[in-house]
Amino acid sequence: MNAALLTFDFVLLAGLLGVAWRCLASTDLFRAVVLFITFGLLLAIAWVRLEAPDIALAEAAIGAGITGALLLVTLERLKHIMNRPRTDTDHDPAPPPDPVASDADAPGAAPTGDAASRAADAGNAALSCAPAPARGRWITLVVTVGLAGLLMATLATQEHDPGLQPTVAEHMDVSGVDHGITAVLLNFRSWDTLLELAMVLLAGLGAWSLGRHDALPARPTPGPVLPGAVRLLLPVAIVTGVYLLWAGSHAPGGAFQAGAVLGAAGILVSLARPHELPDPDPRLLRIGVTAGALLFLAIGLWGLFAGPALLTWPSELAYPLILIIETGATLSIALTLVALFIGGRSPREDT
Amino acid sequence: MSTASPDTLIFATGALAAVSLGLPLLASAWPWQARRIGLLGLPLAILGLLAAVGLFLDAAPGMDAPAVRVGLGGWEAPLGVTLHLDGLALAMLLLNALVALAGSLYARGYIHTAAGERQFWPLWLWLWGGLNLLVLSGDAFNLFITLEIASLSAVALVALTGDTDAVTGAMRYLLINLLGSLSFLLGAALLYGEFGVLDLQLLGELADDGPTVRMAAALMLGGLLMKAAVFPLHVWLATAHASAPAPVSGMLSGMVVAAMFYLILRLWLLIFAPLGTPALAVLLGLLGSAALVWGSLQALRAPRLKIVAAYSTVAQMGYITLAFPILILHPAAWPVVVFFAFAHGLAKAAVLMAAGTVQKAAGHDRMNALGPVLRARGRTVFALGLGGISLMGLPLTGGFLAKYLLLEAGLLAAADTTTIMQVWTALWVVMVALGSLLATAYILRMVAPAFAAGERNPGGHVSAGMEWMPLALAVGAAAMGLAGASLTGLLEHTTVAA
Amino acid sequence: MNLLLVAAAGFLLLTILFGLIRVLRGPGSGDRMLTAQLFGTSGVGILLLLGFALDQPALVDVALVFALLAVVAAVAFVRQHGLPEPAGTPMHENPVEEQPHDPPHNPPEDTHDR
Amino acid sequence: MIADLLTTVLVLAGLAFFAAGTLGLLRFPDVYTRLHALTKADNLGLGLVVLGLMLQAEGPAMIFKLALIWVLVLAAGATAAHMVAQRTWTHGEFERRE
Amino acid sequence: MIESLDPGTLYPFGGAALFALGLHGLIRRRHLILRILAVNIMGSGVFMVFLGIAARGNAPPDPVAQALTLTGIVVAVSATAFALALTVHLARLTGYAVLLPGPLQTHRDSHPDDR
């Protein structure tokens, strides 16, 4: 049995390394992105093999739902920018050289293939990129292989250390939940989780500070397939999100996985857009994005004044407090991920 | 027993952390009032900080361990995240407070469009708060997250001006930061793999001389050296610092780079000190000297005021890198690094903000066409000059005090080592002197047009804050020369690994 | 029984690795997207088989999330987002009034890629 | 015992369809034929595996969850295949096998 | 040999290899999207090392290391989302999505007044 599992592990690791190598060595961006999505899938399976279902859940929700869609839309935006007729000369007086001409000689950039797919990607010419420059090839290879060797040698010398698992098991009864990871995330090391919510919020603020997002008119589709799929998937996604949030206290799940699933559902709706997206008042959107972290800190302050230190939950109140915090965090994360996907701040903010 | 009982200090530490996170969160939730939240909240937070310093100074002699350790969430070291407040942390909090306050009052006049304020102030408070939390934290993984928060807010602020150079610089800065943070995290992972503990102080007690600690040291210190723009990895600094809004450049050159060196010092004092070998000392010395020479030469060549200041940061960071070889031979001299961070932080923030004022007034900052504006604006030129003098290290300024202590430590270190190391230490001492000479050259190049005769044209309108703040910082940098004793007193109470 | 399930999961993993050939060679982006969709399904299959082989019922939730979100990437691929910027409000107008030093330098001379 | 035997048969049949799907994906000449291979692997391949696993499931909740997963994968496969085909059809000129 | 290679020891080696692969890609490739993917792959390598450490030995996995990895994944996603937004913004400004070579592009010595 564990011989079969061992071969499974070897094949999985070989697949991971192969996909990662091909992804970083490809000269066509779209192929790199698809390989990266596959890499995320294999990674989730690797986390399953490492007995970390929570992380596999997060990797699945974030890898399949958020990062994949974000990369694909970024490629579309880059393609739109590159192919836009350069009328606005104030930014770039000399029009950039034609991409296809300069990259025609790049090896592997123009594979032969059936006409339809090739023609379908005429617009993708902007997405091909030159292979890595020749100079400095060997030095980087030697450095990175040396680093990998050193890391593996160091890891080989480390014998098994039980880590903090016994201490966590010891304090589980006081933590208010009976799932190890949620107890660590929201009770023992809740300061890390609070700062991590701040990090998600900060990424949203940074993306908003760069500029406004494109216009988002309704885009009715000719056929019934997409609206039908959205109508089916949306309620199931919301129910799954709430289920994951609820299950977090006693089984794999929790605020981030639920937030990512709800965020992915929001991204699906903002992509399909059967009818005009509700454009919320910018002030409410800003409060909504910050609510998760603010609520977390506010409840934590109570510990600062009453209890021994900041972020202390009294053990009998721990479970309801943790649930409230997780709900707030889920909503804020979902909102921020959709805002990050849409790209800029809403034009209403600057009027 | 001490007069102020430690639990007021524990409350103060917790309150400092809560305010450093609360202010930015409030500003992010209500960006329309973010400017008012910043201008009211920052002074209050700094008053609280001064109170905490007072409490700490008279409670510290009585406390057994020279640091206040707060287990957040009520969970003690190995399980929970601990905040670690000692003399070194308080000194860096003070520096962060001074530069942030001056930057905020400066930014009041510098950014006057409503849209700009809504974007600038939340990110600005996140940068200040992130650096505070970085200094307070005593846990390896928590340091990774605070590093990410500080770096991301700094990158977003650099990209705020929206012109080509700013966004290019911001992108390069972001990639370097992500690389640095990931190597820091891998180092922390290796340490956790070996010792099963993440708290820095506990790691210091457990750390031996094995391959894991050596590899973790290489990864963590390498990542931080990248973020601190030490010589071979400094490429990102000039573009990012030169094209950012002036208060942000001041904060970046003044505090962010110094915070990275603070973290290197903290890890060095607690965990990695026994790894210091003479070979490492020579390597760091060579890097520092190369940074000094190369940065100064670039500063001499740069056509724009802000770029001169940015390259001078690369050069001055060479000084701090030079301090480490002397530290390896003479460990007790570690306060030199903090003195340099303070002197350089205040002086460089003054110079960059003054350069921002000149640029705002003249419409550009190309040095060969700044004569009229410099001649007309006495206060700004005085700020530039005074900050420059502290960078040069002329007597009675903060820069002089730091260089003097470095030279003194160098001579002490040279007294009791092998002859080869004495030769190398002598070389570092010579490099420090050479660095001062080069600094004099590029500072005078910046200020010289003001003394030549010629027409005077004050250029565009500049708000009062933009004139007085650089001056205040420059005076602070100079006055720091006289306040050396109190800073040393504060730094005495710092946890240093046995 | 568990041995069979693990072997089946391994077989599905091999089908994914073979499918990679189509991703590498596939001339058009449509082919690559289809292959990514097939990998999603095989991924769900592997997770379910492993879930029952190692009796970790949580893996069924992971498979559920994968099944749910498999369509998001395909929709993102199809629904291009390439819409024009809002009229009259250039995307990168400077929120912070920074004096533009001067028009940006002309593009670099050496070969570059995009 | 019967359940284990049935599960084995069903899972192996499911694998056969997955293999057929992958083989079809590699061998078929153009986009439109490849998507048929993909959808076969979806509905029948996974369907049979899910049926096989249902026999091993303990409670009705797990059986329902497995069925839900299968329906979702069906929907995802159908939608993706349709949209990809539509996009290739509208963007690329029609490619017919002479 | 077979028994000693449980996931806890095997996967950290894979993680180290992924970290090095990502670093190689980050240094070599100059297109920003590929560099962001390289950073993500490096991050996955670090998380694989962390989770490998958590799963060592036959004791139940260490929840602290897994919680840290979850936190790291969310931090990596937000940093990636911001990096992609910055890349699109850079492409809008300069027309290229690649960092131009050379340390400093802002030398204005090519400015008409300076010549």
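We call the chains A, B, C, D and E, going by the order they appear; numbering starts again at 1 in every chain.
Keep in mind that, in the parts below, a contact is a pair of C-beta atoms (placed from the backbone, for glycine too) under 8 Å apart; a residue touches a chain by one contact, two chains touch by 3 or more.
Fair warning: this is a prediction, and the values are worked out from it, not measured in the lab.
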item: Chain hops separating chain D from chain A, counting only touching neighbours; value: 1
item: Selected pair, greater C-beta contact count between C-D and A-C; value: A-C
item: Taking each chain's C-alpha mean as its centre, the one farthest from chain C; value: B
item: Reference chain A; chain at largest CA-centroid distance; value: B
item: Cα-centroid distance, chain A relative to chain E, in whole angstrom; value: 13
item: Chain D and chain E, separation of their C-alpha mean positions in angstrom; value: 33
item: Distance between chain centroids, defined by C-alpha means - chain B, chain E (Å); value: 26
item: Centre-of-Cα separation between chain E and chain C, whole angstrom; value: 16
item: Overlap residues in chain D, where contacts from two or more other chains coincide; value: 31, 68, 72, 75-76, 79, 83, 86-88, 92
item: Set of chain B residues in contact with two or more other chains; value: 79, 115, 118-119, 141, 145, 148, 152, 155-156, 159-160, 162-165, 186, 190, 192-193, 304, 366
item: Numbers and ranges of chain E residues touching at least 2 other chains; value: 12, 19, 23, 30-31, 49, 53, 64-65, 68, 71, 75, 78-79, 82, 86-87, 89, 92-98, 100, 105-106, 108, 111
item: Interface residues, chain A side, partner chain D - complex; value: 114-121, 123, 223, 225-226, 228-229, 232-233, 236
item: Residue ranges of chain E touching chain B (in the complex, touch as defined); value: 12, 19, 23, 26, 32, 35, 39, 42-43, 45-46, 49-50, 53, 64-65, 68, 71-72, 75, 78-79, 82-83, 86-87, 89-90, 93-94, 99-100, 103-109, 111, 113-114
item: Interface residues, chain D side, partner chain C - complex; value: 4, 7-8, 11-12, 14-15, 18-19, 21-22, 25-26, 31, 34-35, 38, 41-42, 45-46, 49-50, 53, 56-57, 62, 65-66, 68-69, 72-73, 75-77, 79-81, 83-88, 92
item: Residues of chain A touching chain E in the complex; value: 2-3, 6, 9-10, 13, 16-17, 20-21, 23-25, 29, 32-33, 36, 39, 43, 46-47, 49-52, 54-55, 58-59, 62, 66-67, 70-71, 74-75, 77-78, 81-82, 86, 91-92, 96, 129-130, 132-133, 136-137, 140-141, 144-145, 147-148, 151-152, 155, 158, 160-165, 168, 180-181, 183-185, 188-189, 192-193, 196, 199-200, 202-204, 206-207, 210-211, 254, 256, 333, 336-337, 340-341, 343-344
item: Residues of chain B touching chain E in the complex; value: 79, 141, 144-145, 148, 152, 155-156, 159, 162-165, 167-168, 170-172, 174-175, 178-179, 182, 185-186, 189-190, 192-193, 198, 235, 238-239, 242-243, 302-304, 307, 366, 368-369
